[in-house]
Amino acid sequence: MADYNPMELMICVAARNLEDGATVVVGTGAPCAAAMLAQKTHSPNLCIMFEAGGIAPILPAMPISVGDSRTFHKAILATSMPDVMETCQRGMVDYTFLGGAQIDMYGNINSTMIGDNHAKPKVRFPGSGGANDLASLCWRTMMMTPQDAKRFTDKINFITSPGYLTGGTSRYDAGLPKGTGPYRIITNMAIMGFDEETKWMKVLNVNPGYSRKDIQDNCGFELKWAEKLVDTDPPHADELRILREEVDPHRYIIGR
Amino acid sequence: MNKAVELKQGQNQLFSDPDADKAREFFRHKSRAMVNKVTTAEDAVKRLLKDGDYLTIGGFGANRIPTAILHEIVRQRKKNLAFAGHTATHDMQILVAGECIDRLDIAYIIGLEARGLSPSSRRAVESGNIKLTEWTNATLSWRIKAAAMGLSFLPARNIMGTDTFKYSADKEILCPFTGQKYVAHPALYPDFAAIHVHECDVYGNAHVYGSSVSDQDLARAAKHVVLTTERIIPNEEIRRTPHATFIPFWCVDAVVEVPFGSYPGNMPYEYFSDEAYLKEWLNIEKDPEEFKKFFKKQVYDTKNFNEYLELNGGIEKIIKLRAIEHLTDKA
Amino acid sequence: MADYNPMELMICVAARNLEDGATVVVGTGAPCAAAMLAQKTHSPNLCIMFEAGGIAPILPAMPISVGDSRTFHKAILATSMPDVMETCQRGMVDYTFLGGAQIDMYGNINSTMIGDNHAKPKVRFPGSGGANDLASLCWRTMMMTPQDAKRFTDKINFITSPGYLTGGTSRYDAGLPKGTGPYRIITNMAIMGFDEETKWMKVLNVNPGYSRKDIQDNCGFELKWAEKLVDTDPPHADELRILREEVDPHRYIIGR
Amino acid sequence: MNKAVELKQGQNQLFSDPDADKAREFFRHKSRAMVNKVTTAEDAVKRLLKDGDYLTIGGFGANRIPTAILHEIVRQRKKNLAFAGHTATHDMQILVAGECIDRLDIAYIIGLEARGLSPSSRRAVESGNIKLTEWTNATLSWRIKAAAMGLSFLPARNIMGTDTFKYSADKEILCPFTGQKYVAHPALYPDFAAIHVHECDVYGNAHVYGSSVSDQDLARAAKHVVLTTERIIPNEEIRRTPHATFIPFWCVDAVVEVPFGSYPGNMPYEYFSDEAYLKEWLNIEKDPEEFKKFFKKQVYDTKNFNEYLELNGGIEKIIKLRAIEHLTDKA
């Protein structure tokens, strides 16, 4: 039995994708934990940004809101939401993390509603918030999510935030900035990227304890697979120690 | 090449008029006099907010919010308001419970971020009784900025190609220099804005510390602006550091001194949010009948913010929240 | 012989047009003096603004630059040029003053060049600076200028800042904000406004010591005249005292 | 109705590329690392400014200007630069005397405001050897803001119908919501910007006091940014008031500590402009031969800013100018 849970795995894998000296806009929860872990391991110089205006804080604790005092505690800058979003639009922000109720094969994400009547949704979610903006304007979008066949679907009810839209060059034809788009989808079972040409979701790494069949069975659309499929490097002891002792000692996130 | 491109537009309703000349006509007659604007929340809401108006709230949902004005809007039973759901969390919980809103510009609603979703707000939005138009946080920020700049629209590069755009009232345009496709966001000139600040003078010259979200633009874009303030300071303090003036007096119609006025929300450097109280509120919302009683006791039966604060622990509670804000609460 | 000079007269007349509680963007020199005089007489609540960002200062002396320290001395706000210009564009600024080398019958002003080759001007001036912006976006534009037939011309070499363009509704047809435009032209000889319909320059008041003939002879185009032409109310003793003792004690401006 | 309207465009040359995707491609690879960027004016100019680049200078002509960088550009004999004449006064006098400029975006040039006109700058512009495109102060501010926002243009309501527009490179567009005519100002992404600030840390996080003109947008819009600073402060000072950070480190490529670095210009709260010196400079310009000698002595023959300041009175002079700035010079 592995001595870590799926959330810990996803956070450790996400953190490794944040290189030193990069900029990343995060929300509360797992993305913030991943960014903090990266800072405390290989990326001391990672610039953490919050959409409400807090940039490069010395985070004393997990924020409960992307606009609370923690997000600009001893920060380099406490600015406006437009300034943060314009910094993304200008091309200065490398990464962001999104969550959602549904994701499709092109990395489009739904955080708005379930149902087919927008005026009277069956189930209503908060909506875009800053998600659409960050997915549109940051260079690389990542997602951490538990994987199942309902969440990973080719019948997404509402595209809240843009992935590669209908694949190929459609994202850029629609007017979104060239070279942007979904980068990694990190689940409890695998790590996915996207095909260069078609922009269709493609499995790159398989997490310990899962098979190709598990991964495909828990996905509502046909997945592509990397030429040489590599096993996910599991969380290292030091990553887990820092995550548990320094990043999330109250287990707000890794305890879920 | 421009000819070839098909320009799309969102299909939902625009709840406010982006016309810059009409806004100019209003601002032409707005008073610029630097006079004492101190009053009560009751008077400010009675005088400056009408049924059917477009309402905006400063801060960020449960951070630096003008709670006294939100409660007063409910107590005065203002109706048929349009509301900008620009990360609307606790502010929206209050307005929905008061049944004040019938049109909603959505960026982020019904959630309280890491705290979870509001059953009551969710019921209201799923009922179909509120008209919904989709936007995003940056889009609402830029719509407000367009108004602050005296324009009828601003171009941007977000939202295109998504259903968020499809259910918005945005329109696509082409850059006349590069031929690149842009989205045009319509200016948002709200009828009324309430903003909570750290300090301001009696004329409405204000200081704000920490993230400013969209409040500098909002104070300029809105036709009527009410400030609630932790404390009133002398005008000399404003003139000592003119580069630090966050909102200037000519934007402001009324000033209400409300110490601890962002409670139960977070006020940066002053006090943290009352997470236990916000959690209790969310829990009680699960039972509509129980919540009616709770909301009546909290808002309708308190005659002003000070009574409300007293009901929930008063200054003793604030002292505890200040320790949390200052990270000095650990044993 | 009058006990005041033409500059003093123009400044006093200009000051009377600035009512209490109004907003006005001024430059250095005479316009600033007029605004200061208004503040010290009938308009204590006049809000004086400078395009570089200084707003509502307590002016300790005449600024030498619209961006120097004096323009935001103990000011209400020291902000950015875009913020000032956007405040004008939003319709919150009532008055501004412009200067120029040429003005035509529609109040169009030239502060750019003399000659017919823009690439190689016979005489080059500074250009618009903020003049075009303020003339475009403030509600009412005023000008203080000595009057002669070369300066007041129907053959303006270059329209730097918009007056009523070609008259009638042409200013608004061009896209400039409705209801804006030239308001008063204050010269050593007269005070002019503009005809409601045609927007052609029209004499409203005749200054002491000048005749209709003087005024027309010193104008390069045919002037219109008000139904009942009123004599200009000359500077009052208290206006002159405050102007000389408090506003411009070193006679930087009124000494010219 | 939109069909009926004829949309005009300016006939002069655009000296910079407004394309937002090309700018994004540059910014994608610009370092965001928070590292020590302290260096000399000589190194900063040598490393970050190339012949033919588009140059912008912060401040306001003779207020808060980076004199050390202006002199260094001349001493290194940089050529064929495009320059934004955004109320360019003493800064332009220096660049013109060094024959560094061959393209000029004009808002306000050749004048020194209340001080009168510069004979030397006037001769240069009347010679026909510099390409000229007309704009306005607000237009250049908005062109820089468009770039800071990551756009290729911004709409505005000024300049239309004038010859200033005719000799610009602006284009008219229509608001897709109201049909109103707007001017579209093309984004200006400068290759190089030099800005003088009151204080910053070694990473380039800066504080500025007083009017900011366009410098917050300029620091974001420019591809390479050099700060000269009155003093370097510890990073802790920046983190103590994050809302007061005027320019953040990721915009900045180099930091040069230059006490009194705006001399002979005004530095708000620090020292007033040296009006006697600026007047002498203007007078000497009347005689091209005399001015050549003067300029050689002042700029080419001084190896850095400290020598230049020494030549003109050094700290004794600054002490006098500080008294004028503080209004304590009256006998």
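Order of writing sets the labels: A, B, C and D. Residues in every chain begin at 1.
Basically, a contact is a pair of C-beta atoms (placed from the backbone, for glycine too) under 8 Å apart; a residue touches a chain by one contact, two chains touch by 3 or more.
These numbers were taken from a predicted model, which means no experiment stands behind them.
Colleague: Provide the labels of all chains in contact with chain A and in contact with chain B.
Modeller: D
Colleague: Averaged over CA atoms, how far is the centre of chain B from the centre of chain C? Could you give it in whole Å?
Modeller: 40
Colleague: Would you mind pulling out the distance in Å between where the CA atoms of chain B average out and where those of chain D do?
Modeller: The computed centroid separation for chain B versus chain D comes out at 37 Å.
Colleague: Could you grab the centroid distance between chain A and chain C? Build each centroid from C-alpha atoms only and quote it in angstrom.
Modeller: Taking the mean C-alpha position of each chain, the two centres sit 58 Å apart.
Colleague: List, in ascending order, every residue of chain B touching at least 2 other chains.
Modeller: Within chain B, the residues that touch at least two other chains are 20-21, 150-151, 156-157, 180, 182, 209-212, 242-243.
Colleague: Any chance you could list the residues of chain C touching two or more other chains?
Modeller: 54, 72, 78-79, 89, 137, 177, in rising order.
Colleague: If every chain is a node and every touching pair an edge, decide which shape results: line, ring, star, complete or other.
Modeller: other
Colleague: What part of chain C is in contact with chain D in the complex they form?
Modeller: Spelled out, the residues of chain C in touch with chain D are 27-29, 50-54, 60-61, 63-69, 71-72, 78-82, 85, 89, 108, 112, 118-133, 136-137, 158-162, 165, 170-171, 174-177.
Colleague: What part of chain D is in contact with chain C in the complex they form?
Modeller: 12, 59-63, 85, 87, 89, 106-111, 113-115, 117, 122, 125-128, 131-132, 134-139, 141-142, 145, 156-164, 167, 172, 180-183, 209-217, 266, 268-269, 272-273, 275, 325, 327
Colleague: Applying the document's contact rule, which stretches of chain C touch chain B when the two form their complex?
Modeller: 20-23, 45, 47, 54-58, 72, 74-79, 86-92, 94, 137, 139, 177-179
Colleague: Quick check on the complex: what are the chain D residues that touch chain A?
Modeller: 20-21, 23-28, 30-35, 147-151, 205, 220, 238-240, 242-243, 245, 248-250
Colleague: Help me check something: in the complex, which residues belonging to chain D touch chain B?
Modeller: 9, 14, 18-21, 150-157, 171, 173, 175-178, 180, 182, 184, 186, 208-212, 241-244
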